[in-house]
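Next up, some structures in structure tokens.
One chain, chain A, appears in both complexes that follow, with chain B as partner in the first and chain C in the second.
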Partner chain A sequence: MPNLYAITGSFKKQALDFIADPQWIIPSLVAPFTFTLVTLMIYPERDASIVLYAVLGGGILGMWSNSLRASGFSINYDRMVGTLESLMVTPTPLMEVIAGRAIWNALIGLLNSLLVFILAEVVFQTSIRLADPLMFFIALAIILLSLSTIGLFLAAFFVFTRASSVLTQILELPIFIISGAMIPINLMPSWSWPLSFTFGPFWGVDALQIAAGVSSTSPIPVGYAGDLLILFAITAVYLTLTWMLFKKMDGKARESGSLGRY
Partner chain B sequence: MGFIRQEVTVLKSASGVSLRSLFAAVPWWLWLIQLVTIGLTQMIYFVLMTSVAGDTTMSISEVALGNALQAVTYSTVFAVCSIPGDEKHSGTLPLVMNAPTKLHSVIIGKSLFHIAAGMMTVVISLTFAALVFGVSFAEVDALSLSMVILVTTFAMTGFGLMLSSIGIYMRSSILLASFFLYIGLIFCGVNFPVSHLPSFLQPISAVLPMTYGVHSLRMAVEGAAVLDIAQDLVLMLAIGSIMLLIGFLMLRLFERLARIKGSYEMF
Partner chain C sequence: MGDRVIVAEDLVKCYPRTNGKSGEKKTSKPAVDGVSFEIRKGQIFGLLGPNGAGKTTTIKMLGTLLIPTSGGATVLDHDIVKDYMEIRKRINIISGGDRGLYYRISGRQNLRFFSDLYRIPRRLRDVRIEELLQKVGLEKAADQRVEEYSRGMKQRLHIARGLVNDPDILFLDEPTIGLDPEISREVRGMVRDMSKDGKTLLLTTHNMNEAEELCDDINIIVGGKIVAKGTIAELKEAVRKKSVIEAEVRRMTPDVIEAVHSIDGVLNVACSSDAYRSILRIQVADGQDMVLPIAKRLENCRIIRVSREEPTLEDAYMSMVIGDA
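Up next is the complex of A and B:
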């Protein structure tokens, strides 16, 4: 059973860090915000359904970008400021500390959705409605967990490389396409579909669209419950891989004594 | 003559240091993947989005060409603007600022590689647009096309250098660099006409060189000669030069302010 106190504490600490210095959200939100805004501008007619589609998609892109950048950078930041060694020798597993941060990072990525929503309401003056708010928020919470798990994985993975900032840049935009959040994947060549299917939030996007009342664009329509089940299964796989990666990182760092090197 | 020789030496060594430090942490092939991925995925995204949206004012070819040129922004604006921030981050900015060499020469020297990389990205993106999205270059005027790439890169580098001077004084130039990385997508008619913007935002398009770059690139691909796009080229040269001059003055101002406030180590 994970130590929920540690996860909550780390979540709070990350939230306080953000409130103390919120400007660091800018690099994470620039791409999703710009892409969502330009997407809206491309459409010749912007009715409520198009805006809702953009707000939903933009939210996922924002959560992804912030998970990738903030969570990916998480351990590297500790390494830079010299707190990684202290974190490693506390009784709480490092994975639980990073988990709290990753959940916050994915959550605050939703800010993009809020920005797009406000812009849409003020500038385009559309009024958007969710078909089933309860189903919508359940799906959103599960996507949040799934993206947090990806953030955790990236945090551990980036410890092994000095090129984490380059990898972040490489990974950010392709997911905008393969996630299906904005562009239906059936526009992509079919050989690329398996990439989308193994990216958990792809199924979450479909569930969100169903709950919001937007027509589903998935080439494999499995319904709301089916989407969530697949999302759960993929997240469980991510979690297992992440746990293994943290174990490997822990062992390797102790053997090589290179934890503080960057 | 001695001054020119000294400046050339500084540019050469700053450029060499920039290259060595870049490839010390990142293998060249990974850096290349990064550079190409950003430009190409951006193009794929907006071309697909234009297909999804249906009856848009811009054709797939226009969108692909616009994004191919916009790809230069990563190297000329983001990378150039990040230079002072990178120095700050690695603790070398005070050393560079206190060396007898002029700071602007060091920054320009460090930008040279990024400028060349920017032009290369545009060429790769144009090739991709032709191969994947079927953009036709049958009518292209090669001289006009080369001039557009060259002048746009110069003007956007002027923009990047102007922004980078602020990074000397601000806590981090990364924030600024990130903010302006995708500015062309919104203001420069890359994916939708400038006229679709609210009227109070359109003056911003008029001062951004990319607006003229995108317009003249599309004309060059349709066969326009250099004289036909001369107005765009002259405007870009003028804007780029003004931005360089403003950047130079701002650099001196912010360098002085940073010394007074002792903020050149703060990030």
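Up next is the complex of A and C:
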């Protein structure tokens, strides 16, 4: 049974850290905001689908960037302040501690996408109308879960390397592109499609687009329910891999004694 | 188990090492090499040794943060490799130094977070945190960010953090390192209180006064091996045959120390100085015969006194660490 005290405690601690350190506003809010702004300004003739792509793209970018950076940096932060060993000596598996943080990180990304939406409505008067708001928010919540799982996976992966900041820089845009959030993947070369298919949020973005009333641009259209089903399945695979990675990490760190190094 | 709560048997730890130039991976020489000891319930057990002796590695193995390369240990009857989650519920580690706390949040928030990792119910958690904050004298600064704390306040918070799960065993890794004498004394008082509360403590230090003041049993570790073990009285007894001569002089230079050290029969020379005087503690094979030759070497240093002294724990330690025992 997971330690819910630890997950909620870790979620709260991450929130407190976030509030205490306003520099996170730049990657979490300012960058996606600027991204959306530029996209909207590029297309003076804004038809509904362009606007939705810009708003969804900005929102998903915020969620993705936040999960990638914050979860990727998560364990390195503990290395830096010397708390990783204090965490490891508790009876709570590190995966549960990081889970609380990853949920917060993805949630902040969600907040960012709401701000992007408000910006589009107020400043650019885009008058976005969602075809099915309920389906839209269900898809958004499941993407949040999927991104949290990816954040967890990355956090475990980055324990093995101290080059996590470099890797987050490298991974940010390519993965954003393969998610199909800003550019329909059928515009991309077909060899890149399998990468998109294995990235859970790609299916989530497709479900979001369907719920928003834009027709699916997926090379394999499976419909809203199909998208969510695949997203769930891929998230379950991520979760299993993450669990295995954390197990391996725990054993390896206890072998090598590298936890305290920064 | 009886009253033995920690049993270490022939513990060995070698770290994997990477060559900085070639990237070649190798195994280091043992950081801990065949360490065995037992700690009884309620004891304050001291592990003394110089930097790099293997004290922290030993604590990390017993604290389940490291897997031994060979040998084994049980903590509260649980194997440190297989049953580490059971052990973690009933132990905690307190380290010295500035690191190991979340500095952007308050002391209270740090304690709440770490309590949650031990599944402590909310009501009990809040009551216990209040008690701990009072015990370590941080109740007024509890809601201040840790980054605003002084070094001493951080160490007090470290101690409170180590007690959030009310552990049976506490590993204290140089808890007074870098603290001024007043705060060090406070921390030693807290360590004594933990012992009075029935906790078993394993303390690493290279502060002899601290060890002498606190520890029931001491093991001295050098180069990963235990070179001496016993009570403070037993360790002093082991060096009693080697007398100590103490010389107080007005002026001291490295040449003079070297000259004293070169006298036949002198085993070790330790010097401490302030603005007005220097005190040399000289371990010799036979104190009676050595006073005169030592005084002769010091004649240009304006001698205040030369006397024969009882060996202290520090003399015993120096003798064993340097290898003249």
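Heads up, the rule we're going with is that the second predicted complex is superposed on the first by the 246 of 262 C-alpha atoms of A that agree within 3 Å, B and C clash if a C-alpha of one lies under 4 Å from a C-alpha of the other, contacts with A are read in each partner's own complex, and residues count from 1 in each chain.
Criterion: contacts are C-beta pairs under 8 Å (C-beta built on N, C-alpha and C of every residue); 3 or more make two chains touch, one makes a residue touch a chain.
Remember, it's a predicted structure, so these values are computed and weren't measured experimentally.
Peer 1: State whether chain B and chain C clash or fit side by side on chain A once the two structures are superposed.
Peer 2: fit
Peer 1: After the superposition on A, what does A:Ser86 contact: first (chain B), second (chain C), both or neither?
Peer 2: After superposition on chain A, A:Ser86 lies in contact with chain C alone.
Peer 1: Go through the superposed model and pick first if A:Gln23 touches only chain B, second if only chain C, both, or neither.
Peer 2: So A:Gln23 only meets chain B here.
Peer 1: Tell me which partner A:Phe176 touches in the superposition: chain B (first), chain C (second), both or neither.
Peer 2: In the superposition, A:Phe176 contacts chain B only.
Peer 1: Determine, under the contact definition given at the top, whether A:Asn3 touches first (chain B), second (chain C), both, or neither.
Peer 2: Touch status of A:Asn3: second partner only.
Peer 1: Who does A:Pro184 touch here: chain B (first), chain C (second), both, or neither?
Peer 2: first
Peer 1: Looking at the overlay, does A:Val122 come into contact with chain B only (first), chain C only (second), both, or neither?
Peer 2: neither
Peer 1: If we overlay the two complexes on their shared chain A, which of chain B and chain C does A:Met41 touch? Say first, second, both or neither.
Peer 2: In the superposed model, A:Met41 contacts chain B only, not chain C.
Peer 1: Check the superposed model and tell me the shortest C-alpha distance between chain B and chain C, rounded to whole Å.
Peer 2: Closest C-alpha pair between chain B and chain C: 9 Å.
Peer 1: Can you list the residues on chain A that touch chain B in the complex?
Peer 2: These residues of chain A touch chain B: 23-24, 26-27, 30-31, 34-35, 37-39, 41-44, 123, 162-163, 166-167, 169-170, 173-174, 176-177, 182-184, 187-188.
Peer 1: Provide the residue numbers of chain B that touch chain A in the complex, in ascending order.
Peer 2: On the chain B side, the touching residues are 25-27, 30-31, 33-34, 37-38, 41-42, 44-46, 48-57, 174-175, 178-179, 181-182, 185-186, 191-192, 196-198.
Peer 1: Given the complex with chain A, which residues does chain C contribute to the contact?
Peer 2: Going through chain C, the ones touching chain A are 13, 15-16, 57, 60, 63-67, 85-86, 88-89, 91-93, 95, 97, 99-105, 109, 112-120, 145, 161, 165.
Peer 1: Quick check: in the complex, which residue numbers of chain A touch chain C?
Peer 2: 3, 5-6, 8-10, 12-13, 16-17, 20-21, 81-83, 85-92, 97, 251, 254-257, 259
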